[in-house]
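These are the structures, in structure tokens.
Shared chain: subunit A. Partners: subunit B in the first complex, subunit C in the second.
Then we have the complex of A and B:
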């Protein structure tokens, strides 16, 4: 138990250092940008008609003249105290913007994460256990095609088919247009989140299924499977008793590694469906040079990804007793 | 007379896919002018005999625009995949050969880059380079190396344990010479397949970032631009603006993936006859 704690503690420290690195890299990239926040947000024409004083005031607001080191240290100091600054575009505290947006996105991402994980694992196991047969070929073809399809285009096609042609689903947003916030029901939210979540799930399945198939096919080549066959076990029981257990570890890695991908996909999909989630906020922040918000989103999403990795590491121990003892020693 | 076998099959597939991609690249380059021609007498035409992909609201031929966009995408894909593969090779080899703090630092960098969601990282790098062509190339090139670097690092670590490498070390051969003479030849197949398998990712990410508005500028004939423009016309039923360009992009990516897959098979003789 003590070893487990030590292991977790080490991981947590590494995670904190990585997050620090992420925030520094993101900050450096953003402050290296030659794009002038005034021009992008106020517009060249409006700038020309402004007085020097007004421009100076705006420059002050967008933090153009502060030296980068000072800005970063100031940001970091506030961040450690739990203050992520104020979003320049939304004029709200960054933590509030992220909190709201994350709530919307979490619906999508959680749904897509579970569906793509379960479906991907199932398809991967089926394909790997029946290597070379029809089921394998079909599943591989599907994965092949989907992993070559840009998520945003798939979203566009689903939008055209289901929303424009069939009129089954709304064209965008997360709640009905013009509805009072209090009147929005859970059904409304699910109804609006369905197509984006479907897109994310469809694209998420491919990667997980492909890798699970590789592992499963590997396992089916092992001696213990051959021996089980010689004992007269059916494929079904081999898969259930020998396959699933051995495929569990890589499956956990894949499942938690897919968080990053699902987040990336959600940025694109939210843009197509104008779904007010974290991804859309990131795009707006990037296009509008909203440094505090983009920095906040980057750090929060990286933290989610790292937490996912940490959970995978911890789950290994739960699933595999050999690692439970082994990891303690290293 | 040699019979038909999996190897020849792979070679044929590889040649056909590569040929199609070359044709698309060249055709797109030649059609670049035609893609920009506007003609308001023929705007918003649905796909027909003369315009297979239809025309847009400025009367531009969508087929020409799509081909020009694909050509640009392919060229960007080649450039970025090559750059990031070279970075991956350098990082992976340095990490495994020097070990110690170099390895720790590079592993940390890999974790760092992989920790930021990919699209977000490309957005950030593209912003740092001022968007546009340079931004998107830098963004895609500088964000795709970690996974290949990890593979190469693992490979080199294995090679370091090999008897002939250890013998060379004992004989006092310098690390650089060992890396160049004994390790690189082994890494080349891994590197080449890794390189080719990066094309699809690179192209997809280029299109995605451009679609979001962080990549190529709107006047360039890029697939991402075409698709993001089409968003405003989809609800009025102009489905061809989005469907065909996207489908062509999928086709190109599938072909690139096929080239990579066949190359992997050819370089790994054991798997080709399965």
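Then we have the complex of A and C:
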């Protein structure tokens, strides 16, 4: 137990350093961006009709003339004290924007995470256990096809087929247009999240299935599988008793590592479906030079991905007897 | 007495890709014959890379998919077809593999012994068989990584003894064990043979094999070159020059090495694979050499030791 607490403590220190690094890089990239916040947010025409005073006021609002070091240190100081600042675009506290957006995205990402994990694991195990046979070829073909398909393109195809042609699903947003917030039901939310989540799931499956297949094929070549066969166990029994047990550890790593991919995918997919999630907010913040919001989203998403990997590491200690019992001894 | 296992002219080859997409058939076992009678320990002795383990996999019908097997195997007088092999393996024919890597690293010993059965009789049986090999009840709760080398070996033997085998195939049971532990492990196999089962002991260690074997088949570059009674070795009644060389290479018999190396799969022509290293090799040895009876044994040599000229 002490061992595991120490491990977690070390990991959390590492996370703090990582977040510091990530925020710094995001800030530097933003400072190096050629986009002029005034031109993009106010517009060329509007700027032309403004007085110097008004422009100076706007420049002050967007922080154009402040030295970068000062801006970053200012943001960092507030952040450490728990204040993520105010979004320049949404004119709301960043924490509030992220909170709302994250709630929307979480539906989508959790759905995609579970579906792609379960489906990817199943397909990967089937393909790996039947290496070289028809099932394996079909699954691999599917994975290659999907891997080489950009997520946003797939999103567009699904949108065209299911929303435009068949009219089964809404063409965008997370709730019905014009509905009162109080009237929005859970069904409405799921109905709107379905297509974006499906897109994320389909693209996520390929990666997980292919990696699981490699692990499974590797396991099927192991001595203990050969011996199980020599002891008269059927392929079914070997896959269920030995295959799943041994593929569980790499599957945990894969499953938690896929959080980052789903996060990345959601940025594109939310954009296509006009789904007001965290990904869309990140794009808006980036293009609109909304520094506090962008840094906030960057740090929060990095923390989620890191915590996902930390969970995988901790679960390893619970699942793998070599770590669990090995650590208990020392 | 009818032999439990009879292998005649067995060959095993692998399909491999050569240059480009050309497929090559790589013969690993080319001509192997042997028989195991009830209560008998037959050792197959050969150096590393001679294809010994594949013999075990071939009999059990668990060769990889890119392999091809020809020849005859009969078990209890009936041909051992792939279907029959699948039905009897793990029950009437059991394998004792080389080491702890043959146990599932994430499953406790008990469930592995019981092969997924959970009933009380299976529990009693697994407890009893562990006890038979001096392993306590706590062994069932251990994972393979918690076993010592000797314990792992005994657990592997227990997997075989938990069934009621007619034939026990033992693949390299002694590496990593000191001489005393190795002798004790081999003693367990002799017990199984004394109980009426046939034991096929596959090993590279001639000296240890001779401590329990009744018959010894010597294996070289994919062929059985000689089959002899264990007593023939000490009595000097050896037939094949390779067997003689193997015997003379033992420390207590002079530690005499011979030059050259065993040809690998695909490097052997039609003739005797030992011809190039043989002190008595002649041009005729490059032609076909029959496996024939001689003095109560079998030999594949044109000019065997102590044999008449053909």
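Remarks
Keep in mind that, in the parts below, the second predicted complex is superposed on the first by the 324 of 330 C-alpha atoms of A that agree within 3 Å, B and C clash if a C-alpha of one lies under 4 Å from a C-alpha of the other, contacts with A are read in each partner's own complex, and residues count from 1 in each chain.
The definition used in the following text is that a residue touches a chain if its C-beta (ideal position, glycine included) is under 8 Å from a C-beta of that chain, and two chains touch if they have at least 3 such contacts.
Predicted, not measured: the structure shown is a model, and the values here were computed from it.
Contacts of A:104 after superposition: neither subunit B nor subunit C is touched.
Among subunit B and subunit C, the chain that touches a larger number of residues in subunit A is B.
In the superposed model, A:32 makes contact with subunit B only, not with subunit C.
In the superposition on chain A, A:255 makes contact with neither subunit B nor subunit C. In the superposition on chain A, contact is made by A:305 with subunit B only, not with subunit C. Of the two partner chains placed by superposition, only subunit C is touched by A:228; subunit B is not.
When the two structures are aligned on the shared chain, A:271 is found in touch with subunit B, with no touch to subunit C.
Look at A:18: by the touch rule set out above, it reaches subunit B but stays clear of subunit C. Annotation: subunit A has no residue touching subunit B in one complex and subunit C in the other.
The touching residues of subunit C, when paired with subunit A in their complex, are 57, 60, 62, 65, 86, 89-91, 94-95, 97, 99, 101-107, 115-116, 143, 145-146, 159. Put simply, subunit A touches subunit C in their complex at residues 132, 222-224, 226-233, 237, 241-242, 245-246, 248-249, 320-322, 325-326.
Touching subunit A in their complex are the following residues of subunit B: 108, 111-112, 114-120, 123-125, 127-131, 200, 204, 207-208, 211-214, 227, 230-231, 234-235, 237, 239, 242-243, 246, 249-250, 253-254, 257. Across the complex, subunit A meets subunit B through its residues 17-18, 21-22, 25-26, 28-30, 32-35, 144-145, 147-153, 156-157, 159-160, 164-165, 171, 260-261, 263-264, 267-268, 271-272, 282-283, 286-287, 289, 294, 297-298, 301-302, 305-306.
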